[in-house]
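To keep things clear, I will list the structure first and then write my remarks on it.
Chain nomenclature is as follows: A, B, C and D, assigned in order of appearance, with residue numbering initiated at 1 for each chain independently.
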């Protein structure tokens, strides 16, 4: 049994609490949230203890692991404290909106021998992971082109967007991780264009809602990412990998497999899953199991802190390209 | 060049005229119809000669082949006259509503050495024929079960239905031919049930609009046929062949390959083709080419007169089962 | 919390134990199996108590519900004992292979005011249930024809088949329940044909491996069921409902949504789920939740004991038709 | 009847000859090819006259229209001569590899009152055109993002590639036209990346085989084009249009609608059409009919000479971006 303390009792923390509780290999011992009523309610639901200070958790030797689901601006501090206290750490993405802070955090913790995993859940989606596996087994030869479609169902609230770090750091960062996961290479060049086509208010905060990116690797692999903040038919998440011997597509799963034919159209299916909680339900569970395995067996985590940092660097480069209109070359050697 | 006389200038005859005219191997010489204005108009369109008597056609040695698209009750007489006059014959289905008359016709012509082909166009549909070919090549092992779906878009006019011979002889007869074409065997048992679910007026003429049949072959292969006289999403024509090593499905082609996703549903496609002229356009052409090949090369036609007669016998058996509620055993040895 | 005793610690019992343990509304108190090591092991895994006698369970007032997953021939006795002891009962299908024994059981328990639910899990499959719901909401008008495809992945062991009661009572019984669930009517007529196409050894036990059935309701609705004991591409479970205003299809979900295109073929997907445990995983959970709800709220269960009995009666009728070759009329008024 | 002279009796010219001959509104009067045996053979097949000089055609007042299917480097001269001689002109794409020569040609002919149409056949594909029509009818709201997939089945011969003008002018030019056809706007910015992943010999001629482009319009619409010179599963030609109220996809039609399920995979379909002749067979016919209509009714042609010129300008910009690595802004005002 891995003993967990959950930091953050908001929407995503609540989801993680349920996953921890349902696992036969993990136990939810503590819940912490700055808003104590939320912490207490969640702790009660899963027969855990609600605590008022993180120090109490860090000092408790029975706690093996932290699951960090607090607001983004607290991640780096909590990661550092936890790692230095010898706790295994699972932290929701992104590590921080500032790559500088992420690098500083890394400097502090890189010698800690604790498992750290970042919540890029899509690596564990049966469909995306299935594509990655079939590709790596050579089922369609050598990868040449990759197309990632990433469309959120609806605009996030204005307040959220103001602190989101922009579409690349907030949303497309998942797709940067997918790019790295599937190509197994680093992007050497990124080019990004964007438009405000959905929500004119974004202009005031210097953000865009519709983006198209091009990435290239050292070996010449090409990748297109298209993203939008609103998609009326649901959460649209697809990947297409074109190889020397064929093509793999990670298509959208649907809530059920009913199709309908009427006088208007044929073979229509239900709309897609509403959002990530529903679409990636299996992925969240598999992600947690993967972390628990790493903790139990002291094996490398994936995606690691460095994976999280690299996606961040790509988001910065994309932002830079969007603003400058120029192709941005990433020098990973630094 | 095969020189054709077309008998019958109605809807289906007009379609055949266009196919003959477009063929680089055939020439439309004569058109005959009891309604002379139709005959004349069609002849003029394709620079053929409209004639007032069939005898004129039969007596003309330059005529190689008759394409019979007249009303069903004239088929057997025209086939017999044509065959005895040494003309190759393509005749629309069914040969006749009375199997007795079909047998009598066969007695008259069976020694004629002329190619005779019956218009079971579906044998030439790229999709149905593709399934038959893949099946016969063993791609899914040995056939065990067959499911044929056969749904017309809308009720035919009452006047047409009154003289149609009933749903089995008029409509499902195509599916009996498909059964024989795909299984390569004869049905030994037929069971049919039917209901009036669409058009209550059918009760007055002793017909039904919704049917489900079960067929069995001597080797134990099983077949289900489902049919309906009205299908709001278009002309639904599918076949599923289940074999020892897999399954083949002949799915409905669509007018185009656009799919649409909206807030209501995803991946919906257009409705199916409106009816047989559109759905089986390619099949009609391929059927004609096949007949022309048989005439030119003196090779066996398929489907032959006997194929047409056998489908008729199956329709009779189905009708008998519908009325009696009993399983009907067909003795093909007679 | 509903306190459960699990009877039967075999494969399906073990699955149910996991579901009970994961539920936030249920507690697994006891496990019983005639083979005590299995009982003990399973009890230990879920911190329950393994008992050696059912009487101990029946006598314990803290036990609210029995989950019966023992061998079929013990069901009726356990149901009767449990019901008379005032326990809520969830029993795996079938109730018994003998409809007479089922009726006798019903006579004993029909006045007991306890919830009894039979394990026809498919009513809770998101896809089959989705079809049923859309149909009942009139999305494709009034149902006219129903087609149920039911193909197991591979022949069961000979020993199992010998005591299975035959393909209708063992396997197609699920489809009879689906027929009733979806049409909302009773079959008045059943016709069944069958063949041995897969396993010649079945002849010795009077069973078949490939069947096709036709059912009709009083209102004239027609239904085809096709079934086979071996399907190389996985567990094939589909339903097609044809209505006056369209068609609904419950298609096979797949383990993931990856499709592949190569030089051999395009858009191919993975094989289907291996068998019912995988395919109906969500259905088993939803079924359990439904039972717990019925117990908590004292609402009617579905499918009920009578539903189980009716499916049994249909299986008997199908068997009778298979042997006699005749259409069998079911008189539900008795 | 429109009287045609066909210039060019190669592969594509032969296809056009068949289309002209099959049309009920057109007549093939002359065939010209610098290689006289080809010209004579084709003329004979369709009962046309083979001529040795284009002047003879231009001087013949009975000739209404030229169909130019000669080698690309002869197009501008033939267009100019034909237009000045008052002939309607259908010319295969591209107009010329040099945009300067295209502009010079335009200067010569822009005052000629003759219909001129360029062979961007894809505008007439039922599926691409269906998408364009549904989009323009607002079925998915206002267009925001467009994704065009364009993959040829196999590398063209080295000799062909050497004179092709590069992948943008030779192949992607079709997709530039699709972009204009579907967005109804002009690209203001183009960014292109490319790699040699298939054929290393391309390095010697400064070409690439795998490309990814980003385009943006003045209104902010974004477009991705991905292209490759080799696709093992056939000719892959798809379009996805993402709008404010949904998405339309123009999927690949297939030679037939058979799907197959085996122990290896399920629902697999045949490989795609081998290449453009097969895929765009219907489009070529519809394109010709459209030109004939324009000639008969003196209505505007689409795509026009200017459409051809604009696609060329986009190809130049893409080439410039590929070489420079920079985003290229197109100034259409000039």
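Worth a mention:
In the analysis below, contacts are C-beta pairs under 8 Å (C-beta built on N, C-alpha and C of every residue); 3 or more make two chains touch, one makes a residue touch a chain.
Please read these numbers as outputs of a predicted model, since none were measured by experiment.
The minimal number of chain-to-chain contact steps leading from subunit A to subunit C is 1. Put simply, the chain farthest from subunit B by mean CA position is A.
Annotation: A-D is the more contact-rich of the chain pairs C-D and A-D, by number of C-beta pairs in contact. With centres set at the average Cα position, the gap from subunit A to subunit D is 42 Å.
Mean C-alpha position of subunit C lies 58 Å from that of subunit D. For subunit D, the set of residues touching two or more other chains reads 232-233, 245-247, 252, 260-263, 267, 270. Remark: subunit D residues 22, 126-127, 130-131, 134, 139-140, 245-253, 255-263, 267, 270 touch subunit B in the complex. Per the touch definition, subunit C reaches subunit D in the complex via residues 232-234, 252, 254, 260-272. Contact residues on subunit B toward subunit C in their complex (touch as defined above): 141-142, 144-145, 147, 151, 189, 191, 193-198, 210-212, 214, 216, 220-224, 226, 228, 230-233, 236, 242, 244-247, 325-327.
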